[in-house]
């Protein structure tokens, strides 16, 4: 049984269809990449999976259980961890406290049980030196790292990553890829939306292409990248 | 002399610094495109120019005068209007009212009036009594552009006019740009659709993390350069 | 040991609603207290009065009472004007075992209103330290029915009783209007207790109209009576008599009714023509009223006499007590028998039911009507004195309209 | 990668300075307990006022400052608690001490259905909704004839004199009955204040406190990491109702007289409370403490000036809100960085191995 | 028949409440400003009218006409100098500042005018009435109701038919973007409050002629006004009128059952409407 399955999921904002009968399944332990041009509906897809936006139609199943009507809290507790593309830190809390919230609530534990793990995650994501700084004072790149760290703190079974590699230097990007591989290696399933393709492709084993809210490609990265359709639509520049 | 220029422009949201010393220049009757990834600071740049974000004075000049510290209505009166990101039509106003409200603070001389805007986007006339937000995304974008044009601006700032729109619609909207340019207005567009940006612009700025990382005419920039400037990491 | 001998002043605490909606009751306070201090000084007495403002707020009244007792350590607490002011203060004094004399609230809302279970007369208990002088519902009922008796009516009465201290007492089935009216052959239409500051009285007017009431009575706050009275006229409901407590106590309130205040009737506790004089200054009622008008430029009002009398009683009590400790003062209060500017004050149980005999002293009450003066403005004319024949009348009861 | 490490983190919320201030607070509490032994009755009286207002303001601050629930209907719980206490004493013959508990529980019970209604409303609607509910409770209790309806009623004379412990305290300290009652009420108020502040502090340092802060900062993100905003806010609302009801009952044991207008007074139980929090500084535990002290001083200085008192109070409230929205304590911490009740979790210590990232 | 009368009196009463509420609705609708001083501002205006009547010997209606521009200026200044500073996402600052203002106005009036209750007299009109079939309708209540309708119509015209109204709506939707159109939100807000104060003046005229008033009676009526605004739906003037009528009719019907229920019935009607429609009867598409 797939760990996550979407069936005919649709969503419109007024006249704009941002998700159009999307169906796919994520196997346990799989790492899936999602690509598509700006505005294709990638972030919206995440919001639908996490429950931050309600679907118009279709069902979302987690571990075989119907989660379509569940609020985001329930889905988080069921094992979905996410990052926001535009980082959404708790600005008046410190970086460490941001993780504590996620740790304590997201994995239904008392605070003292999660402190050590949160500290470990800070080290792992390179935020340790900022632990006691207010999240509101972080720059963009650190905010993105905090997104990742906070999602990890909820101890997710599925990790949804939304454009966390944008703006990194080559070295930083490499580190990030290592970190995500580690996480994946621990058995966490991953869906990653990313424009930085080489980073994405060095982690994922399967790609989905979204265009105008529709899945126009689904398969192994090489085949997908090779398809002319995808190259034209996605790369935006005539090839 | 440049019509509009920023030098060393910085901007903050609370403690968070979004711009780190940005220098851009816009000449009379020129079209400039600003590209960059999500969150790079493109919108912040336009918000700073248009007065939505108040800046420390001394970093933005328009037509020889300092405008960095002016509020949005004062900037508008000088002849700078903006098509904001996400269109931002007024839901309580009809299409026509949305257009008319563009004249509230400034009625400049020039080609644009309600009639000429309906000529530019004929579809709007059909829907003029409907609520602005009841239209399709592309039509809404047309209203937003019309609303900014109706005061006959000297500088038009456009933030992501093609975002979330179908290619045909994008084509329709971009088809209007030559007509707009023809009236002599200078234009700054922000565009994530790089191909589109390169097509309409005389010059391109690429931003990353609140800084300009690349400048030049479309013809002189290689795709690798753009990609590097855009995403930071080097393309494969 | 007598305080006077020691040279320390006798400390009186005085609480009244000087600000807020009830402030009209206290408008003469400063005048009276100045007069009292001057008279006391002339008589060689050493008094200090600590004045506190209840701000028309029962919470505040209880608080300042406690302050007077605890911080100022007054020897006697005086309090006046409406149950909202007198009851929290008397309750506090009772709990603190500090003597308290209270006035200017009918005695039932004062006495019954302070009982733990007002609904169960068997449980009512007398107070040890708190005393009250004023008239009672039986008096206002007698006065009203006497006035009504002067006219030819169908004996149908409409009642307007709000859900507040006064209204609940007036409308009470045991101590209020209903039983007496029934005995005297009147039928009472009582639609129920409304909340103060109600904006519409059409329900009551409809009820009175369909009942054919000739007489209206009740105890209302001024804005509500104005609303009611206007609406009644608009609905062409025109009773022959309207005897209303509280709302038309003050001349300004009647003047606010324009010409429609003519011949409204009310109870009169005190007036410039009451045949009494002050035991403190020797002034007659007329002189006191005149003095007030001279100093403030305002017409006399009924509470003036009672606030003055409060201080008369206080001086008399403290003189007789000889000491300032609570026990002595309480004993002196209980033994009072003094002729004041509002009549005799004595806690001798006269005309008071046994359960309240210890704490209540009654003063006389008569009935009056407001009459439009030729040059505008109103006069309060006493039209019925069957309850207190020593107070002269100024005319006969007239029907409205 | 890091799971094999046995790390040596320490997580604390206290700094050396704040431990010292905890000691000061402890001494103050002990002094406050002993106060009736060496201060005059009127001071005990004032301290009672301060303590009860402290509880009311802490509760309101918990709602508005931490949970974003701006209620203008807290008088509902003061009045309901007080009325329940009266019912317990007058109608059921309970000891006032037990009746105070009843008052608290009654307020808690009332808060459940009201929560159901007001949590459907947001922002300004919430504020007005709480006000209307309080009016409804007031008007309903004004119909309760056994407790005097709109007239109100007094506690049976002697009820507070026979209250649990009064005789004991009277004999112990050699004071009169009423004074002993005052002292007991004061101790109860002190206990309530200490427990309330302690509990709020504990709450803020707990998981729930973190959740509250997260919801306040970013509701969407909070939901995404498993915080249920409704649950968190309801919890706070109920707790505040309980403490407010207990305080209401206690205040009215001391006043011994109740009426709907007094028990549900908007100025006394909500307006002043809001002023105090604003003057002191909203969203901090220290703010209401400072606020109560300042309010008390203002009241003592100005109370005999009639309307001027309220006028000046109103002006001060407006000025503080406009020019120092974080209140007097906010001004103070901005300059000193000092906190009496720190809630920050500080992470200290070093990772055992060298930076993991560097090793790759 | 008596039921018919009850309903009609309730509707007329609703007119009074709608008049109290209309100014609030304007301010609340445009700025999300909860003005707790609204009731006291009505009382303030009533004193102003009274002052003009007694000092200049004007007819109350003429006095109200004179008071209109004065109150507009007052409202404009109040918003521009004080209330604008409180606007933002947090509802607490406006709540607190207007609450402080309420206390200041009440006590300022107490100092200036004492606690005596006053009345603005309109002579014979006070008791005049129209007999229509079995019901008789008071002239003043009818005038009150018609004025309420007139005010609502006028506000609607301004709001939906003029450039100023466009600016009101645009600023209310999105004041930042409105700034890009050259709309100065601070001045628009000030103008809105000025207009609201003109409505307040009209409400004051009817409050002051209907019954006695004193400096402290503002808050008692404020809650009905809020209820009318909220159950009508944010920013809908007709909704506000409907809200006022619902409260008014609920009160008279409640009173007809038992006067004990009069005020309670109004509040309960409010709760019921909100339970069924948490955003009021005629909510705007967006808020």
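Order of writing sets the chain letters: A, B, C, D and E. Residues in each chain are counted from 1.
Note that in this section a residue touches a chain if its C-beta (ideal position, glycine included) is under 8 Å from a C-beta of that chain, and two chains touch if they have at least 3 such contacts.
All values reported here derive from a predicted model rather than from experimental measurement.
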item: Fewest touching-chain hops separating subunit A from subunit E; value: 2
item: Per Cα centroids, the chain farthest from subunit D; value: B
item: Farthest-lying chain, centroid of Cα atoms versus that of subunit E; value: A
item: Gap in Å, rounded to a whole number, between the CA centres of subunit E and subunit D; value: 34
item: Euclidean distance of C-alpha centroids - subunit A vs subunit C, Å; value: 77
item: Between subunit B and subunit E, centroid-to-centroid distance (C-alpha), Å; value: 43
item: Length of the line joining the C-alpha centres of subunit A and subunit D, rounded to whole Å; value: 42
item: Per-residue overlap in subunit A, given as positions that touch at least 2 other chains; value: 91
item: Shared-contact residues (touching 2 or more other chains) in subunit E; value: 107, 110, 260, 263
item: Multi-chain contact sites of subunit D, meaning residues that touch two or more partners; value: 139, 143, 306-307
item: In contact (per the touch rule at the top): chain pairs; value: A-B, A-D, B-E, C-D, C-E, D-E
item: Footprint of subunit A on subunit D - complex, ascending; value: 1-3, 5, 7, 9, 11, 206-207, 210-211, 213-214, 216-218, 220-228, 344-347, 349, 351, 355-357, 360
item: Of subunit A, residues touching subunit B in the complex; value: 14-16, 18, 37-39, 85-86, 91, 134, 136-141, 163, 165-170, 172-173, 195-199, 212, 236-238
item: Subunit B residues within the subunit E interface of the complex; value: 50-52, 71-73, 76-77, 81-82, 84, 88, 90-93, 97, 100-102, 104-106, 131, 133, 147-148, 151
item: List of subunit D residues in touch with subunit E within their complex; value: 64, 70, 72, 117, 120-121, 123-125, 127-129, 131-133, 135-136, 139-140, 143, 266, 271, 274-275, 278, 282, 306-308, 310-311, 313-315, 317-318, 321-322, 325
item: Interfacial residue positions of subunit B with respect to subunit A in the complex; value: 14-18, 37-40, 133-137, 163-166, 192-195, 198, 208-210, 223, 231-236
